[in-house]
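Okay, so subunit A shows up in both of these, paired with subunit B first and subunit C after.
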Partner chain A sequence: MAKSGLDAEARQGLTLMAPPFLYALVILAAPLLTILTYSFLKDGYLEVIREFTLDNYLQVWADPIVRKIMLRSLFVSALVTLVTVALAFPIAYYVSFMVRPERKSMWLFLITIPFWTSYLIRVFLWKVILGYNGVINSTLTGLGIIDEPLTFILYNVNSIVLTLAHAYAPFAILPIFVSLEKIDRSLLEAGRDLGESRAMTFWRVTLPLAMPGVIAATLIVFIPTIGDYVTPELIGGGKIPMIANLIQVQMLALDNRPLGSALAVTAMLIVAVVSLIFLFLNRRFLKVRQ
Partner chain B sequence: MTETRHDVLDAARPMIECQDVQKYYGDYHALRGINLTIREGEFFSLLGPSGCGKTTLLRTIAGFEDISSGAVLIDGNRMEEVPANKRPTNMVFQSYAIFPHLTVAQNVAFGLRRDPRGKDEKARLVDEALAMVGLKGYGARAAHALSGGQRQRVALARALILKPKVLLLDEPLSALDRKMREQMQVELIKLQRQVGITFVLVTHDQEEALVMSDRIAVMFEGEIAQLDGPEALYARPVNRRVADFIGVMNFLPARILSENGEGAKVEIAGLGEVDLPARQISRANADDEVVIVGFRPETMTLIGPGQPHTQPRETGATIDEVVYYGDMTYYDLRLDGSARLDGGARTVRISMRNLFGRDVQDVGTRTRLAWSPGSLVLFR
Partner chain C sequence: MKAGMFRGSGLRLYALFYLLFLYAPILLLPLFAFNSGTIIAFPLQGFTTDWFGQMWENATLRRALGNSLTIAVSASVLATCFGIFAARASTRFSFPGKGGIMGFIMLPMVLPEIIVAMSLLVVLLGVGIELSILTVIFGHTLICMPYAIAILSTAFSSLDKSLEEAAYDLGETKWSAFRLITLPLVMPGIVSALLISFTISLDEFIIAFFLAGSEPTLPTYIFSQLRFPKQIPMIMALGTVLVALSICLLAIGEYFRRRGNARIGGKETGGFL
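Up next is the complex of A and B:
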């Protein structure tokens, strides 16, 4: 009886989720499969030859330029993640622990304000701020602090990290905030009661209990930034390409879709492996949560 | 001759002293001049309804709340400048506050980090503490997999392992079911006798306070209304409010006919004229203008027709309601002439043990109530 009841429930569930499932299949799975298929086909200069080959992958994995750009992408997104999470934690902590309960939703609302502007415009505005005749340079020149505009503040890795960290800050603040909110405040009093200072209580109680949020924030920032295309193009001035820019060049400019696809699949695999390591960490920390 | 617990406590030095402790939250006056002394080795309870300031008082002793004025001393030392983590107190929190990311053993060992003893020695201490609270062999378990009663025990072990001078318990039993609560009450008493540490318990459950405490401070609205041993509190409450809060008490309107230094002659609705000695008269009734007489349900006896009794007085009554509890029966009685003083008819509640051979009487039965003036308390 119970079993057939469950089956009926399962049938109903499947029926209900069928439309979005089909949609996801068409929008997500089909393009993925197309890319995967392309990556095993031969490039015939102007057309794609329908013959199975592993050459694209061999070329991608052997190419020192690809390796360099992939490593740079990993490095930049790791740096962005580090900066974003490290800056997001104090903000989340402040909102969760210091802000009065009735003001918290206002603070969260304020944190999401950057989303009101398009991502592209935000990135472009950083260019305006950091540029040769940008806000910073004109201000500093106007104040007589510098004679010539600074050139090292735009078109380099630092400026990419700065821009991306700003763009992804809310994504990092929110999960950390949620995990901090879930901490029973009497646990912190218990830590103090058992002889620990505020700092040690933070280290032994607050931080371990906030780790699931920190790991979620890390994933949420890391995965999209590694594939970011706009920021390296605009803020990096096209001189510091990341993996997405390389894929774009192969796919469109050089019209080598099989090679571009192989690059994309490779990048996806690397991101997947890194994410799985994070998920494993996440589960380890989650296992001990209530 | 052996010393009784009372003798030992009477000779004990003060462990906690509160001197005119005031606490304001903004305009709200949470503690209004608390003066009390808790003695070393005592099981002391702060009892009162929610919002009476009992938890605030406990938290000022623990160091989680600053006091607005006055002084708190623990073992003779002023505590104003001493933060919570440096005070010789440990607390069992209402929610138990068991660290969910640690095992049972790690929870119990939490406060031992700065202890200079070696790892093996600490592990032995943890095992001992767990054995003391009946959780032997639970050390490796994840804390979040424990039941409410087990969490409670972990919280106790975690606090007691540090050998504090004072253990503070903030409504530790309120989250447990009735059976478990009664069992834990007995265990806590035994544990307190065994370790000899001063226990300060906050509770809103008067029965719990009576069962466990050497002395009880009853608090209302930030003030201590009465501080006494359980028997004194139950038998001689200082005012109607305390009497009402501790157990069940019947109240009948009364009128003072004459009064001198040794006592008073009063007329009580339904009970007639009675001489009451001074010790049965409570004058702390400032806020309550009406003169009233109270008595506990178990101090009077229902007697069948023609049945003899040894009580000096008896009154006719009619049974209005019967509530049967198995071991006890509660009778609500309408006393003859109870409306005489102010015209309001009222019932009183009498409890009778269901002893062998004693029948439960039916609603509507005419009966007699046998009583003694010694069980009455006059509030004026």
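Up next is the complex of A and C:
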């Protein structure tokens, strides 16, 4: 009786789940499997030859240019992640511990608004702010602080990092905020009562308990930034391509789908490995917590 | 502003600077949109609304707007419908493979968009489907779905199961109970899922850029114009309008989300992310 009831429930659940699941299968799984297959096929002129080969992967891993761009993408997104999370933590801490409860959601709303406005225009405006005749340079020269416009902030990795750190800020703040909110405030009082200084309480109680949020934030920022296409294109002036730009060039401009696919699969593998490392770390912290 | 918490004052200052950093680009936008100078730099010249007029008369821009609205409306309705199914199934029923299926459906939230766009493009070209706004709708529905599910799951999970059971006991069928009891209670969640999906689709660039063929959408039009310095002031005007529109939509979405939370007695969780 109980078993058949469970079966009916499972059937109902699966029936309801079927439309979105089938949609994701057709629009997401099938294309991903296709590029996985393509990455093992040979490239002919304007067509894909159905013949198994590992050449694409050998080429991806051996080519010094590909390796350089791959490493740059990793470096940039690691730097973006570090900067974004480091800047976001104090904000999450401030909203969780210092802001009055009834005003918290207003703060979160304020933080998320810029994120929902046109990404392209935001990125472009950073170019305006950082540019040769941009807001920062014209202000500084106008005030007589510098004579020559600063050039280290445009068309290079610094400007890409700053722009991306701005774009992904809410992604970092929200998970950290959620984990800080979950901390039992009496633990902090206990730490203080036992004679720990405020800094030590933060270091030994708050920070370890907030770690799952920090790791979630790291992951949520790292994964999309490594595949960002717009910022290197607009801010980097096309001179500092990242992996997404390389994939696009191989797939469309050079029409080498197998090689482009191998690049995409490699990028996904790297992202997956990094994510797994972080999830493993997260599990360790969660264990400590229990 | 004068909470008088001494130890928080440093942090408060930092928080204000951080907000300034977050809002810097948005604050500059209207400055340049109403500036009569053609170069986007300080000092500002004079006040003008010419750029808004120029924007209004631009035929390609109007076409791009039409396309973007068609795509955003279709994608948000589709994503929300799929989202209702998934959220209902995941919050109300237990079935084998639930975690895996949900994880898979939520995947586009973290997958780099370039990979979604490229793989979909390769398949579409391989099958021989012509690129149009329809193909963009397919892509946008996929990436909006996880956000819709996240919002709707919150709405469905805080629903009291006994309300539906009471309706069954009073002789309602499954469907009429859903229509009369469940649907009105999760309606704020549905509205907010629609608005968020609409906003995401309206602003999405990568998928539209690769899957739209020769049809312009607002972001791809903006991208194509950023190369021409002469067009920038008009793009700033367009950006100002878009930002104002997004803020309105988000405020409405936030209002519905909070009202929904209040209606089902949910706890404030803060934000839709």
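The criterion applied here is as follows: the second predicted complex is superposed on the first by the 286 of 290 C-alpha atoms of A that agree within 3 Å, B and C clash if a C-alpha of one lies under 4 Å from a C-alpha of the other, contacts with A are read in each partner's own complex, and residues count from 1 in each chain.
One rule holds in what follows: contacts are C-beta pairs under 8 Å (C-beta built on N, C-alpha and C of every residue); 3 or more make two chains touch, one makes a residue touch a chain.
These numbers were taken from a predicted model, which means no experiment stands behind them.
Superposition model on subunit A: subunit B and subunit C are shown accommodated side by side without a clash. When both complexes are overlaid on chain A, the residue A:Ser118 reaches subunit C alone and has no touch with subunit B. After overlaying the two complexes on the shared chain, residue contacts for A:Trp126 are found with subunit C alone; subunit B is out of touch. When the two complexes are overlaid on their common chain A, residue A:Leu209 makes contact with subunit B while staying clear of subunit C. Subunit A has more of its residues touched by C than by the other of subunit B and subunit C. Closest CA pair between subunit B and subunit C after superposition: 12 Å apart. No residue of subunit A is contacted both by subunit B in one complex and by subunit C in the other. Remark: subunit C residues 3, 5, 7-8, 11-12, 14-15, 18-19, 21-26, 28-29, 32, 39-43, 81-83, 85-86, 88-90, 92-96, 98, 101, 104-105, 107-108, 110-116, 118-123, 126, 138-139, 141-142, 145, 149, 199, 203, 205-206, 210, 219, 222-223, 226, 235-236, 239, 242-243, 246-247, 250, 254, 258, 268, 270-273 touch subunit A in the complex. The part of subunit A that touches subunit B in the complex is made up of residues 184, 186-187, 189-197, 200, 204-205, 208-209, 285, 288-290.
Residues 62-64, 83-86, 89-91, 93-95, 97, 99-102, 110-111, 113-114, 142, 144, 158-159, 162 of subunit B are the ones touching subunit A in the complex.
Within the complex formed with subunit C, the residues of subunit A that make contact are 9-14, 16-21, 23-24, 27-32, 34-35, 38, 87, 90-91, 93-95, 98, 100, 104-105, 108-114, 116-122, 124-126, 128-129, 131, 133-135, 138-139, 142, 166, 169-171, 174, 177, 198, 219-220, 223-224, 226-230, 234, 244, 247-248, 251-252, 257, 260-261, 264, 267-268, 271.
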